[in-house]
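By written order: A, B, C and D. Residues from 1 in each chain.
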């Protein structure tokens, strides 16, 4: 059994991690840390867990084999500075602190995109879990990058559910605002752009392509739908291109290429990523979907843990989708 | 022209009042008051008003003929204590301060349920606008009360949109919580119960019936759907009862009895109230729907203003519904 | 391994059954029957199953140990008449054909409400799976019925998601109609009333209480929220009553009494039932929630199968909820 | 008074037209035509009109000054062939029959984009009302086209509400499918592309730009949100470009440029178009929003009628938005 603790236990990604880990056959949850809610039953905060756990939030992380950091962006470094985490304790960070700057003291964080870094993750002591938008977009582009086929700028619109904005209520997550509403935010300037560009070059693309990325706020709770297109390189036919995608993802148990158009709910509440590919106007057009809280955060973190501990990659992650 | 000011100008009911009054042919808006946002253009707060007004929030109410108070419950009395409103200035209060305790100094507030108090409102200097749940439920019961037919307890479930909870974001108005969710709050203890009971007796019912009222939070933004049943008195046939309802509401230009079952969106974004009546198990079952921000708040307030100033009751209120 | 077939394989409950059974460690799915879609890959119809199964719809049920009938109400008897199902093959019917009339030839169907009939189900060859509204309401009332405490009429409002209406598109499941809308249907006359009343007397209540049941259509996809109240018998205190509920459900691994108010999404995508109990106006007020497709249909069917085959009742049913 | 008839009276755009025209001070509705529902009260089909009209559907169009054709794409030519519409009767077609092929016998249809063709519409006997996606996208691009500034390809993602798909229920408008779901359809091949391209050149752009248009289905009922970018020509500064937009739309009473980012509900249930403009990566990025049923269909049709009859352009169209 892997003995784990979770820091930042009251947030959305920690809740989702708990939902998964409580059913994971190889995991014991030692501690769910919350400095503000220590002593409160976990099931009072994550109300759907009633009947599934008697744990209470703790103010110390105990002595786990692995800590998941679910702290909010920028707070993971602070946590490591303020807490004396033993060198032997592994870390999976769900924040963005170590994605682009992977070093902290002696620790080096491997970028936790399983479909790219599977072998490196198997040997990693520390993993920086990718961002949710970044995961969706990278899954759409990895096979091209790995074959150095990204030669032109990339056009991306991606629409996210409200859980991507976190638990703290605000104007744009107010139901009266968000219901039946659509908006754009941070167009062309989203913070995941660096992570995406770095990944595409580390996957094998010789140049760093320009990415024109327009993020949108959707009126749903879970999931990201990305629509991505870029000029094809012209040497591969449509069917060859699709075969290239299918071959690239053949070793990946959660990513599939659909021959038919896809809709977001086909992956909601699962750890899957689905892709669909078409060709128009000289562009290759890829639609890519994930559940932002599962494959885009806590599910991917557990997938990384499975790899780090030599477990079957899908352990605890064969989740029933909600479909509706 | 009636010269009006609006206190509490940044909230939902003030926004809705502005949407209506900016199109009202007999109204001039002198001042939209906000102590916290004075100087900000009104259209920056109520974003759908872009292109419709150049007004800015003010910190003084000027010298209007009428003030609408949109201040939140309990704050209207405070406002009147802290501001020297001339005796000649009329008041319509959209809060609950004067519904059950109608006196403030020399001022006496008439309960502004047009379908009950039309003639009193015509002569009123001050009006206490009814609550949104109360309006929906009273419209379902007024014809029975007026004929002293409420002889047994009354069973009510009513489900409200998120705008009923106001603008301040919180846990139960967070989109991630509310979307596709249903919950009950304040069962049997909602604060509108007194207002409803008082109204039914003042309408003519000899006894004060017990009301079992379960309010529900719905995952939509606008509207209240109430399902109400009570033992019929047994003397009237079904068709006589329906005729009694239709006769009662014949003078009311916004309330209609539908022969077919109704659904909430048939009144959303209008000032209408719709009722449908069936008979089962010895009960008369009435479904009643309004838009909480229009007929349940700002539209009803304008309807009261029209009556107070001798205008056609429907002036400025023939609103296009949204239907979808 | 239990070898099962599913009749009516293209509908919602069959899809949900597949989602569960594909992950069930003790089940082999022999055949998914569809007369209209035979030959089509199952994953083309139930699109979220892409990557999870290569099965195709079949026009014959093979030679299973157990058939699940997901055929729509009234069609199960027809199926059994038209198909020569061997006497040794067990049946779980998700339709309403055998709930109130449990005999068909030599077959006798046990009413499959695990929380009431657990021991009978363990020995059953045929099970009639309860209706979704009925399950929600019976869970709210079973402990009272079992103690003969239902002495007065029962008041119920319950609101259901759109998947309860099935897959065939129609006016009231059109998104343009249903989104942000609420309506009542079949008030006081819903077809589940007989099933509920029969169950309460078979549970031990000496009289058949009158049930005033107003079903509502909600603007969400999954789940039923029921609000139920009835006169308490006056002999038990509030805390004794709550203890009675908790004791009644202690042997049931999926039903819990929450000390805090509940909201629908706490059970969505799980096989759980949650109850919350308050006392007002001389009434005991119970809110009860389930996922209509899981605990209200396919999950409950699998729970019944587990009992019939001597498996742990929760096998394959420890589903991660969606929470949002 | 203008005497009008409406063909195709049971559909969504006819319903919306009725909602507007019943409140229009200069219009008399002579006939609402439905061959399938002749004799049925209009308020039974368009349920929100209860109490607002006693009209019944008719099978003949009478002798109007103007007919609105709300027939579905391709059916307007059929209607004109099968019905002997007098030459003196004007026509506004809400379908796509005459947008790109403007001639029918002696009749010539003016493309009814008021912001482009205002003066031609004033003199028109027949108007082809623009498509909803086309209107949203053209409003984003007209000022550039009119100044011959479209020199590079154009990138568009636009997401539409379910009412855009019409009233007939189907798989992708089923609530269980659509709620909380997102999908792409007809990427790069939408039928409005010709209409858009033609309009941009007729507005004054010397070349026909390539438009890469990805339409999306949103989980809301009303409105279209378009995100559009193209290379700026480099000669105008950001502020000059914004001034160019504001100057272009100064004569248009319903189109406004917002200095702040916009969200869809700011125009829902109004005849307004809102634009917001930013500059990134060498691109001008324009977001554009309308209500597809109002500015994208029936509201624009009434605006055209107002122009054709010399009325103030805004007559009957100063609609209260719903905001929430």
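A few points about this structure:
Criterion: a contact is a pair of C-beta atoms (placed from the backbone, for glycine too) under 8 Å apart; a residue touches a chain by one contact, two chains touch by 3 or more.
Everything numeric here is computed off the predicted structure, so don't read it as measured data.
By count of C-beta pairs in contact, A-D exceeds the other of the chain pairs C-D and A-D. Set against the C-alpha centre of chain B, every other chain centre is closer than that of A. Note on chain placement: the centre of chain A and the centre of chain D lie 40 Å apart, centres being C-alpha means. Rounded to whole angstrom, the centroid-to-centroid distance between chain A and chain C, based on C-alpha atoms, equals 34 Å.
Centre to centre, using the average C-alpha position, chain C and chain D are separated by 46 Å.
Residue positions of chain C touching 2 or more other chains: 12, 161-163, 176-177, 179-180, 219-222, 262-263, 265, 268, 324.
Chain contact summary for the complex, chain A toward chain C: residues 12, 15-16, 19-20, 23, 44, 46-48, 50-51, 161-163, 179-180, 221-222, 254, 256, 258, 260, 262-263, 265-270, 272, 274, 293, 318-324. Only residues 12, 161-163, 167, 169-171, 173-180, 219-221 of chain B touch chain A when the two sit together in their complex.
For chain C in complex with chain B, the residues that touch the partner chain are 155, 157, 159, 161, 176-177, 179-185, 187-189, 210, 212, 214, 216, 218-223, 225, 227, 229, 261-265, 268, 278, 280-281, 283, 285, 287, 324.
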